[in-house]
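Next, two complexes with chain A in common: one pairs it with chain B, the other with chain C.
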Partner chain A sequence: MMDRSGAITYPMTWKKPPYIKNGSIRRSIYFFSALYLAAAFGTMDVNWTRVAEGLPRAERFLDAFFPPNFADNRGVVWDGIQESIWMAIISTVAGILLSVPIGLGAARNLAPKYIYLVNRAIIALSRTFPEIILAIFAVKLFGFGPFAGFIALSIGTIGFYAKLLAEDIENMSEDQAEAIKATGASWFQWINYAIQPQVMPRMIGLSVYRLDINFRESAVVGIVGGGGIGATLNTAFDRYEFDTAAAILLIIIGIVMCLEYVSGFLRNRVQ
Partner chain B sequence: MLRIEDLNKKYPTGDEALKDVKLEVPKGQVMALIGPSGAGKSTLIRCVNRLVEPTKGKVFLGDLELTELSRWKLRQARRRMGMIFQEYALVERLTVMENVLSGRLGYVGFWRSWFRRFPGEDVREAYRLLDRVGLMEMADKRADELSGGQRQRVGICRALIQNPDLLLVDEPTASLDPKTSRQIMRLINELCDERSLAAIINIHDVLLAQMFSKRIVGLEQGSIVYDGPPEDLTPEVLTRIYGEENWEATIGKVEEENEEEDSTISKAAS
Partner chain C sequence: MPKIDRSSGLSWRKHTTKKELTIWLYWLIGLSIVTYAWNLISEKTIWFFVQDAGTQAIDIGSRMVPPKLSYMDKLWQPVWDTINIATIGTIIALIIAVPVAFAAAKNTTPHPLIRTIALFIIVSSRSVNSLIWALILVFICGPGIFAGTIAIGLRSIGFCAKLLYEAIEEIDHNQVEAIQATGASRAQQMLYGIVPQVLPTFAGVGVYRWDINIRESTILGLVGAGGIGLQLNGSINTLAWTQVSMILLVILGTVIISEWISAKVRHAII
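This part shows the complex of A and B:
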């Protein structure tokens, strides 16, 4: 690019190079994605008359919810909440206790290959099933009640916590780990001095977050027979006591919001 | 003190980082290891304490053959080799005191270290070392609150509290400003003198190497191409180690200039 006097001129426009370089591949990806989405929405057949019938029903539903009735079934509701809180706490604690060895074993930079594979398999398995399926299994095995819920939530916790722990360990600073190893520390001392300080803050935040999840899930697990507030909620619906159900839902929302606040606070503190 | 015989290291990627390296470092000698990036300097010192497993060859610490030790024996042998890192490698979320005391992990049991209840002598030694490097008041600070120079001094304390026979030092000054670099090098030298420690110091700065050590070893592509006193580092030798370049400005007067103002590390420094 030279003008007549021989000086170099530089372009005055610049465009960001596209992520997918090949133009025809890029355009066909856009085209087929758009086509698929259009077809997908097209196949979903919305029956507008049914929607129209549903809306007034929703209104009646909401009417039945209000005003929420905190008084009539106070005893049962209180028992259910206590059971849920208890279930959430012990399943979080038990799940995390089991997650620590599994998470250590599932970190590629700590464990030998076969231990790594076994632990990854355990994690994958417990992540495959959502809590509600785990709860259905547990109820079949151990009968109705909070014990089944506890088992389901503990297994769910393992899939969540061990995976994130292993990933955090894999992302740790290699230097710090090497430095402690070079002092002649034993394996457990090495974990305690080099690994634990690096992963602890995030893990504390995640354990409160998991407590929050387990409390919410305890409401779902209860519906299939796993005890706790979910069982109470289910009974309330079965008996058409919508005002009590509304009260229960409000209480769940309140507790989840509290936990949200606590976990945010804790995360800031431990950084 | 340290004897390396025909050491070879080939990484799984195919890089031949060390080729038949022979080296002997007597007790009390501070040896500088220089060489271009990728020459194998870090690999060499890591093969000594087996953070990297050598492919072939033997390493002796005194009479002990390090290269054939079982894991358990290796752990005990590592206590005798202190290591100092370029990026300090302090555990950032632990306090300065915990970082220093972690140098004693090879000597204390698991539960003692878990509850941070180290023997009284260890704690006293930790305070003594921190005072020696001018960081007495920093003991309870978290390591990530310190400046680079301060961190490196904590790293030195961690290595020395092991009560080692040998120091392995990997580019201790590469992340520091010129003045702090000199202070750190001087500190390492003084401490080695006080305890008559042998040391291998990897260093990029030829001038610093000449100032602070009596023996310089040049490594190039995994082989030793120079081994001798700092005075003999002529432009020809540097060309042999690093390749063609104008070396006249790099080669310093070998006598260390006396800068009174920082001849010992002052507590206020950095």
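This part shows the complex of A and C:
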């Protein structure tokens, strides 16, 4: 840089370049964010006196964690946990069994256009609604109990697993598929020897991950009547038995931690 | 590659006999677990209701059409609340997730003990579903949007902090070293060496979580934590099926729009 007298000067200060380079876009993003936040907070109707009243309740709830009460309702809690675990396992298995044909049909490089569209529509539909809403309807149709939860979680699994399976198949290497085809393999042999080995490692990892999700979800479908530990937890809250509720929450956290560890271990092994 | 001699000549098999037996054993264990689980579930099922489900589905389905379009007038406010719960909840989560992520990343944590605490915060926030958080918070601070927002915030901390600390652990250390060589303090190293590297991930994670939170905040009303779930619960309880189908349509629309926005923004960032 040269100043007017011709001597060379160097800039002595430096400013971090802004993240969004275009000035007017940056300013309008800031402006509209501020406007939105003002509107959002302005319409948020918070009853602060009620919140303040809640503080001693929060204290009571936290007290319940020291120590949590595992003993008093042991039978009910154990039943609920078992129900949740079995529900998670069986809905993962059923969901994956249903996902395989749907996933194969939703892969653009395997299926003709109309089959592809039908299967994509099934995936989109089962993905949109949260498991709880599916559970509400399952409870209406199949009655209270774990069967309703099982149906809701299976449908949720289809939306997750079939979509990822289809995407994985679409991203596979075409060379191997062509090589198997060149040997004169039938369609089933082609799927079994060319496509399945390519997608299998990732799919095993994902199925354990989905088991983990299904267990977590099975803890809440009980709130709307879908069975499992959620029902027990809800009852504990309704009866103000916070020490039992705390125990249930700790058990859920413990099981989820174990599942996460197992799924990490399995994924490392198969990949 | 195992080969077998048959009278018809050499043929190829995928696995050795030993491996095949192990695979069969795994299948056997898996199948027995599933059968056992199925027995347990079916014991607790009233099969009469399940057989009846088809007629029930047709019945409810016929009651749900046509959706009551005029009900939309009463839905604008809940939809606005739902979006606010998701957005403000995500902002709260991001603000708390940043220090937690820096404490949990191996290369920025001040002390291993603090790292353990941060990891515990992440796990417990992730394992408890937002609906359970909402259940607790409705009891503590009363029904309404406030409980829902905090529930979404608490649930999202773990998710955002986990993805963020993984990004921090994977940064390019040369850049941090270069900043260090200029004589920068530890805070300056973080600000100029690490933050610019993880900022795109941060924005991406925030938008992704916002999209998930829109979906989750539609159901928080079921336990009284505000949003459109409140109307859904009320309509189902009063058997107003045309309102239910209208609400489901609105949820569908909101979710699709938020997914579209999230995909656009993430595409623009990355």
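Definition applied: the second predicted complex is superposed on the first by the 212 of 271 C-alpha atoms of A that agree within 3 Å, B and C clash if a C-alpha of one lies under 4 Å from a C-alpha of the other, contacts with A are read in each partner's own complex, and residues count from 1 in each chain.
Keep in mind that, in the parts below, contacts are C-beta pairs under 8 Å (C-beta built on N, C-alpha and C of every residue); 3 or more make two chains touch, one makes a residue touch a chain.
Please read these numbers as outputs of a predicted model, since none were measured by experiment.
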**Report entry** Touching partner for A:Leu249 - first (chain B), second (chain C), both, neither
**Finding:** second
Report task. See if chain A has more residues touched by chain B or by chain C, and give me that chain. Result -> C
Report task. Quick one: classify A:Lys21 as touching chain B (first), chain C (second), both or neither. Result -> neither
Requested in this report: Identify the partner contact of A:Lys113: answer first if only chain B is touched, second if only chain C is, both if each is, neither if none is.
Outcome: neither
Requested in this report: Check the residue A:Thr43 against both partner chains and state whether it touches chain B (first), chain C (second), both, or neither.
Outcome: second
Query raised in the report: For chain A, which residues lie in the overlap of the chain B contacts and the chain C contacts?
Result: 193
Query - Contact set on chain C toward chain A in their complex - result: 14, 33-34, 36-38, 40-42, 44-46, 49-50, 53, 56-57, 60, 80-81, 84, 87-88, 123-124, 126-129, 131-132, 135-136, 139-142, 144-146, 149, 192, 199, 215-216, 218-219, 222-223, 232, 236, 248, 251-252, 255-256
Report summary line: chain B residues touching chain A in their complex are 49, 51, 75-79, 81, 83, 85, 87, 89-94, 98, 102-107, 110, 113-114, 155, 158, 162, 168
Query raised in the report: Which residues, counting only chain A, touch chain B once they are in their complex?
Result: 173, 175-176, 178-186, 188-190, 192-194, 197-198, 200-201
Report summary line: The residues of chain A that touch chain C in their complex are 16, 19, 36-37, 40-41, 43-47, 50-51, 53-55, 57-58, 61, 82-83, 86-87, 89-90, 93, 128-130, 132-133, 136-137, 140-143, 145-147, 150, 193, 216-217, 219-220, 223-224, 227, 230, 233-234, 237, 249, 252-253, 256-257, 260
